Structures are given as C-alpha cells and as structure tokens.
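The next part holds the structures, each set out as structure tokens.
Two complexes are shown next, each including chain A; its partner changes from chain B in the first to chain C in the second.
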Partner chain A sequence: MEVNVNHVLDAKGLACPMPIVKTKKEIDQIEPGQVIEIQATDQGSTADLKAWAENTGHQYLGTKEEGDVLKHYVRKSSEEDTTETKHQDVLELENLKDRLEGDEQITILDVREPAEYAFGHIPGSINIPLGELEDRSEELNQDDDIHVICRTGNRSDLAAQKLSGKGFSSVKNVVPGMKDWDGPVNQNH
Partner chain B sequence: MAEVNHISVKELTEKILNHEKLFILDVRNTGEFDDWKVEGENVEIHNQPYFDLMDGVEPVEEKLPKEEPIYVICAKGGSSQMVAEQIAEAGYDNVYSIEGGMKAYSEHLEPIKVGEVSDGEIYQFVRIGKGCLSYLIVSNGEGAIVDSNRMSTPYEQFVSKHQVDVKYVIDTHLHADHISGGKNLAEKLGADYYLPPKDAEGITFEFNDIQEDDELNVGSTKIKSFYSPGHTIGSTSYIVDDQYLLTGDILFIESIGRPDLAGKAEDWVSDLRETLYERYKKLSHDLIVLPAHYMSVDEMNDDGTVSENLGELYKENHGLNIEDEQEFRHAVTDNLPPQPNSYDEIRQTNLGKMDPEDEKRREMEIGPNRCAIK
Partner chain C sequence: MKVAIIAANGNMFDAYKVFNIATAAAATDAEVGIFFTFEGLNLIHKDAHKQLPLPSGKEHFQEGFQKANVPPVEELLDMAKDMNVKMIGCQMTMDVMSLEQDQFVEGIEVGGAATFLSYAEDADVTLAF
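Right, the complex of A and B next:
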C-alpha cells in the first residue's frame, strides 16, 4: 500500500552523507508537521536518518524496503508538544484499552498524518488527518461515541474541539496518545 | 575552499603500529561507533556524527586539537570529506580525511615478519580493523597461507612481489566470524586448499582433508598438523618448523577460544579443556603461539605482531589457569559475549552453501570480533 506524504525526496544513488544533507535542506522548506518520504539506496541511511531525526527533534516514522530502494518517512517537528489541551472530555489511554476489550461499540479516530498511521495504529481505527477533518467530518456519524487520538494529545485536542463545534455529541480526546500506546497495533505500508 | 589532506588506511595503520599519537574524529552515528572503532595505543578518538556537523563544527570545536593533525573517519569516506572541509574552513590547517573510511580500514592487511624458518620466514598479516591474523610461510621460494581473509589481493600482491610459489592454502577450522578467502585464494594461486574434514559437513566444493599428524612441506620447512578441538570439532593447529604453533581460534594471547559458535558449548567444552590443559601442555613450551585473532591492542608486541611463547601463556593467560574443571566449564559457557554479527551466514558462506554478492559479504563481516573469552 502506498503511503501518503507531503513531499518526496529522491536521494537514490547518492552515497553518504548526501541523503541526510539533502533531507536537511528539504525539511527546512516544508511546514511543521508535514511528512517527507526520502528515497535512498545507501544502506547506511536508515540508521543515520533515525539518529539524525532523534538529535534534531524530527519524528522518524519508519522505513519501507522496495527492491534496492529504501523509503524513509520523517515528519517535521512541530510545536504541538508545548500547547495545552482545551477539550474538556478527556480519556486516559489505559481506559481506552479497557473500553476496547469491552463489548461497547466505539469509534477511534486517528488524526495523525497517513504515514504515521501506516507505521502503527490501533486496529479498527479510522484515519482522517487533522488538516482534512474540516472537509471530511461527514464521513463520521454525529451520534457515535468518538475517541480521537494522535501522537501526543494535541492534534486530537484540536480535532475534538472542531467536532464538538460541529455538533458531534460524544467526543473524547485520548491522552497522551500513540507515543505511549502499548496495546495491539496494525501496520499497513 | 580550504585545503583538506587525504590519508590511506595503509598509512594510518603504519602510524598506529608505530605508536604515533593520533587524534581521530569518527563521524559515523554513535551506534556504529560504540560497536566498533579504530583503536591504538596512542589513539585518541572522539565521536560526533556528521549530521550534527552539517552547519559547522561548533558542536565538536572544543574537542579539536589546535596544533596537531586531525584525522576524520566515517563509514566509507564521503562524510569524513565533508566534515574535514568544515574543519578546514573553521581555520584548522592540518586536517585529513581517511580514504575509504572504516570499510577500507576493516579490509586492510598489514604484513609483518614474525621471524625465520628453515630457508625462509613467516609473516603475520594483521587485519587491524577486525583483529584477524593470517599467516604466510615462505621457504626456498615456496609458500603456504593459513587462515586467509576474504580479500585476496593483499596476499596476491605480496607473493608476486616476493616471488613465492604458494602450494597450500590452509584453514585451521571453519570460521564463523569472518569469511574465509581460502578456496578462492587457492584457485587464484594454483594452490591446494585444506580444511579439517570434521568441520566440513555439508561443504559444496572440493577440498583436501587435513588429518591428525599430517605433514606438509614448504621448501625445507615442515608444517605439522595437530588436532586441537574445542572451538569447533575439527579445529586443527599447525606446528611450523618446530618453532611456531598456529592455534587458530583455540588459544589467543590474553584469552582462550569459546566453544559455542555452532551452539555446541556444552558438547565441546570437554574437548576445549583437553586441548588446552592436556594436549597443548605436552608440546614444547618454547613454541611461539600465533593465533588467528587478537581482541585488543594490548596484545600487540612493539613491532605490531601478535605472538608469545607457549610457556609464557601457561603462566599469564587466565584461561589456561583455571584448575577446577567445573569452574572452567562455567567460565567458557556462562556469560558468553554476544555472537559475531551474521555468524551463521558466514559459516554457510564458508561451506559454499551461500554465495552472497561482494557488498553483502562485506556487510556480513562488519563489526568487531567476538570469539574469545577472557
């Protein structure tokens, strides 16, 4: 399955250090929170990109191998971790886990970028990135019990406020988010 | 653009073996650096990944010596060039990028003469980047190579320059930590390849059996085989000219071999005990032990060779001085260090059951050697 991204960088055939040098230049040009796909053939690029992202605060999502080509996915760091959440109805991850194990019919809305979702999401969750929610909210049922999740609880906070504003009756922001989720995970890349 | 100098891994190796004081900046990522790096008696090495230095050298500036040369190394030579340029731009005028990086370093072999044999000499090929040792015995223009590495060119160049007709290429055992160049090198040099048959189960190509007490003649020098199991079931040592004992991976200078590489620790531990505590003990203690590996630069003599006489090892090497058999059993089977990277694939390759591409072979060998226990 293809992973949806905002930008694609072709670094195929380039030897170290060029894949990282080019990634750095490219990532300076894109918006915080956007996802870039880096195509490389240098085998060392995976470990280097991972370490570089860690050092710079960008989010390394994962790597897909297609023949000789490595496709790395990185999300540009954003300020999301520092803002306070405003949506009142909040649910802890642990409670979400309990609910998933119960018989109740619940909806999990994952508002991260498709590439983040592709490298690990809660089975059965629906993916609508925050940026598309305005246009796609009719895909959701207004009366469902909706649990919004992202990586850290901030994008999901914005999404929960938006849905409540649109008249959704039961919207919960799941905190902190996928970064601490230790329950079952699906991948679709 | 500021000037950057270049240095080959051969020149670097010579500086290390000459005990020169060297400041090396390793710009690979920290995981790789922690796993495996350049070591030397007077080497000061510092790690800062190249991707931290793309905008300038500030993150590492206070570590850089002002007056001495700075040698920059990376995985293959590309990033070290970039960082060396950055350092030169910052006003340092004695900066070197090490050509070919750790990849070239791990493949460099430095031949050093160990001593004389009847009508000739014996050389140790030190693979400094990986701690592998291989040997060339020369007598009257004939030669034998023991435990050759994957790279055949250094041996070919050496024997061609010294006009040696290589008759035998011999392995002490089926290696699991590096890819043997034995079969390939034997073909290239028109020599016969020998391997202990007990280690050759499942082998896919022709080879010559080496049996207990076989004798091979190289010029006027005799190479006698001496069965010494324990690291593998077939492990065989070679006594050269009644002077040298090539121990393979059974006995090193500061440590002993470990018996677990094929998952046989329990079975082989008594073999190992018998080899080290009975069979070797009956040999002349004046024999000079020449192992197939070393683990640290501390084991190196002043001239860069790795050797010591057997009597000295019986005094100094802890692994030869564990009186209690149970304690020995525990010492060699408990707390074993991590397995060498891809060791199973390497064994398959050495048996001819796998035939990976050159690049893959190189990758399989990357990393430190981990076949000994102290």
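Right, the complex of A and C next:
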C-alpha cells in the first residue's frame, strides 16, 4: 500500500551527509504535524535519519524498502506534547486494552496521519486524520461507542471535542496514546 | 548542541571529514564552529579548496568518490556557510604562510587560539581532524 504524505523529497543517489542536509532544508518549509517522505539510496540513511529525528525532536515513523530505494517517513514536530486535554470523557490506555480483550463492541478511531497509522496501529482501528475529520465524520456511526486515539492524546482530544459537538453520543479520548501502546499492532505499508 | 572542530590538515580526505560532520551537525540544529589551522587553511583557501589533493598513495580513490556521488568539497563548503557554520582562520598560521584574509572564501573570521578556545569552552562535542 502507498503511504500518504504531504511532501516527497528525492535524495536518491546522494551520499552522506546530503540526505540529512536536504531533509533539514525541506522540513523547514512544511507545516508542523505534516509528514515527509525521503527517498534515498544511501544505505546509511536509515540510521542517520533516526538519529537526526531524535536530536531535532521530529518523529521518525519508519522506512520501507522498494528495490534499491529506501523510503523514510518523518513527521515534523508540533507543540502537541505540551497541551492539556479539554474533552471530559477520558479513558486510560490500559482500560482500552481491557475493553479490547473483552467482548464489547467498540470503535477505535485513530486520528493520526496515514503514514503514522501505516507503521503501526491497533488492529481494527479506523484511520481518519484530524484534518479530514470535519469532512469525513459521516463515515462513523453517531451511536457507536467511539474511542479516539492519536500519538500523545492531543489530536485525539480535539477530535473528541469535534465529534461530541456534532452530536456523537459516546466519545472517549484515549490517553496518552499510541506512543505508549504495548498491545498488538498491525502495519499496512 | 554546540560543536567545535579543529581542521589542521589539508587533503581531500580531511576536507570531507570536517565538512561532513559540520554540515550534518548544522542540519541537526547544532551551533557549529571550525578553527582552520596549518594545512587546514587549504579547506577555506579561495583556490586550494577546489583542487585538494588525495593523500599520496590513495589517488585511486578518486573513482570511488565519483561512483558514490560524493558532493564536491566546494558544495559542502557553500552548504556549511549557508547553514551559518562559523569558520575561523588561524592568524598565526596565516602570518607564517604569508596569507591574507582576502585569499580566503567570503565570510570567514580570523582569530587566534584564544578565539577558538572561547568558542569551544562550552561545546558539547569537540573534534580535531
């Protein structure tokens, strides 16, 4: 499956340190929270991009190999880790796990970017990125028991507020989010 | 992160060691400063940096540089300047070699050992090549 991204950077054929230098220049041009795909043939670029992302605070999502080309996915850092949540109905990650293990019919809505979702999500979860929720909320059933999740609990908070405002009856914000999820994950890339 | 580098040698290998680390660090939002001394001055000399020799006996690596598509030293130097890497030429070496500041690329500073030490005092990473 193709991974949806906001920007693609062609760094194929370039040797170290160019993939990093080009990524830095490109990421300065995009909005916080957006995802960039870096195409490289430098075999060292996977380790380099991981280390670079860690040092600069950006989020390394993963890499997939297509022939000789490595496609790396990085999400530009945003302020999301510092915001406090506003949606009242909150569910801890552990409790979500318990519910999944039980027989309850629950809906998990993952509001991260498609590339983040592609590199690891809860099996059975639905992906609608926060930015598309306004237009796509009719894909969800208003009466379902909806559990909204993102990476840290911030985007899911905004999404939960939005859905409640649209009249959804049971919406829970799952906190903190996928960054601490240790249950089963699916990948689709 | 703050990175302080001493460049004291002037062949093509030395140039890549210095500028690769410097540009990678600058791309990682580090503050980077390089002190060019003795043969390291070749790396920022207007003409010399465009035709740096390979170390003797290693000339056969020329082909490898092309095959790996390694960017020319000029390009890395431009990139380093572009990303605000601070470059300090060593005054004492310039005096010894009768070199003037106008023989070097634009944008460098000239200073002595104390200039570098005061920059490097609170560096997180210090390297010498």
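Keep in mind that, in the parts below, the second predicted complex is superposed on the first by the 189 of 189 C-alpha atoms of A that agree within 3 Å, B and C clash if a C-alpha of one lies under 4 Å from a C-alpha of the other, contacts with A are read in each partner's own complex, and residues count from 1 in each chain.
In the analysis below, a residue touches a chain if its C-beta (ideal position, glycine included) is under 8 Å from a C-beta of that chain, and two chains touch if they have at least 3 such contacts.
In this text, all values refer to a predicted model and were calculated from it rather than measured experimentally.
S.K.: Using the overlay on chain A, decide if chain B and chain C clash or can fit next to each other.
M.R.: clash
S.K.: Identify the partner contact of A:90: answer first if only chain B is touched, second if only chain C is, both if each is, neither if none is.
M.R.: Neither partner.
S.K.: Which holds for A:126: it touches chain B only (first), chain C only (second), both, or neither?
M.R.: The answer is neither, since A:126 touches no partner chain.
S.K.: One more residue to check, A:43. First (chain B), second (chain C), both or neither?
M.R.: In the superposition, A:43 contacts chain B only.
S.K.: Looking at A:16, would you say it contacts chain B, chain C, both, or neither? Reply first, second, both or neither.
M.R.: Both partners, chain B and chain C.
S.K.: Let me test your reading of the model: by the given contact rule, A:106 touches which partner, first (chain B), second (chain C), both or neither?
M.R.: A:106: touches no partner chain.
S.K.: Give one of first, second, both or neither to describe whether A:30 is in contact with chain B, with chain C, with both, or with none.
M.R.: neither
S.K.: Using the superposition on chain A described above, determine whether A:55 touches chain B (first), chain C (second), both, or neither.
M.R.: A:55 contacts both chain B and chain C.
S.K.: Mind checking 75-83, 147-155 or 219-227? I need the stretch of chain B that runs into chain C in the superposition.
M.R.: The segment of chain B occupying space taken by chain C is 75-83.
S.K.: What residues on chain A does chain C touch that chain B touches too?
M.R.: 15-18, 20-21, 24, 48, 52, 55
S.K.: Mind pulling up the chain A residues that touch chain C in the complex?
M.R.: So the residues of chain A in touch with chain C come to 13-18, 20-21, 23-25, 48, 52, 55-56.
S.K.: If you look only at chain C, which of its residues touch chain A in the complex?
M.R.: Residue positions touching the partner: 1, 20, 23-24, 26-29, 68-71, 79, 83.
S.K.: Which stretch or stretches of chain B touch chain A in the complex?
M.R.: Within the complex, chain B contacts chain A at residues 29-32, 49-52, 54, 74-76, 78-79, 82, 363.
S.K.: Using the touch definition up top, name the residues of chain A that touch chain B in the complex.
M.R.: Touch list, chain A to chain B: 15-18, 20-21, 24, 43-44, 47-48, 51-52, 55.
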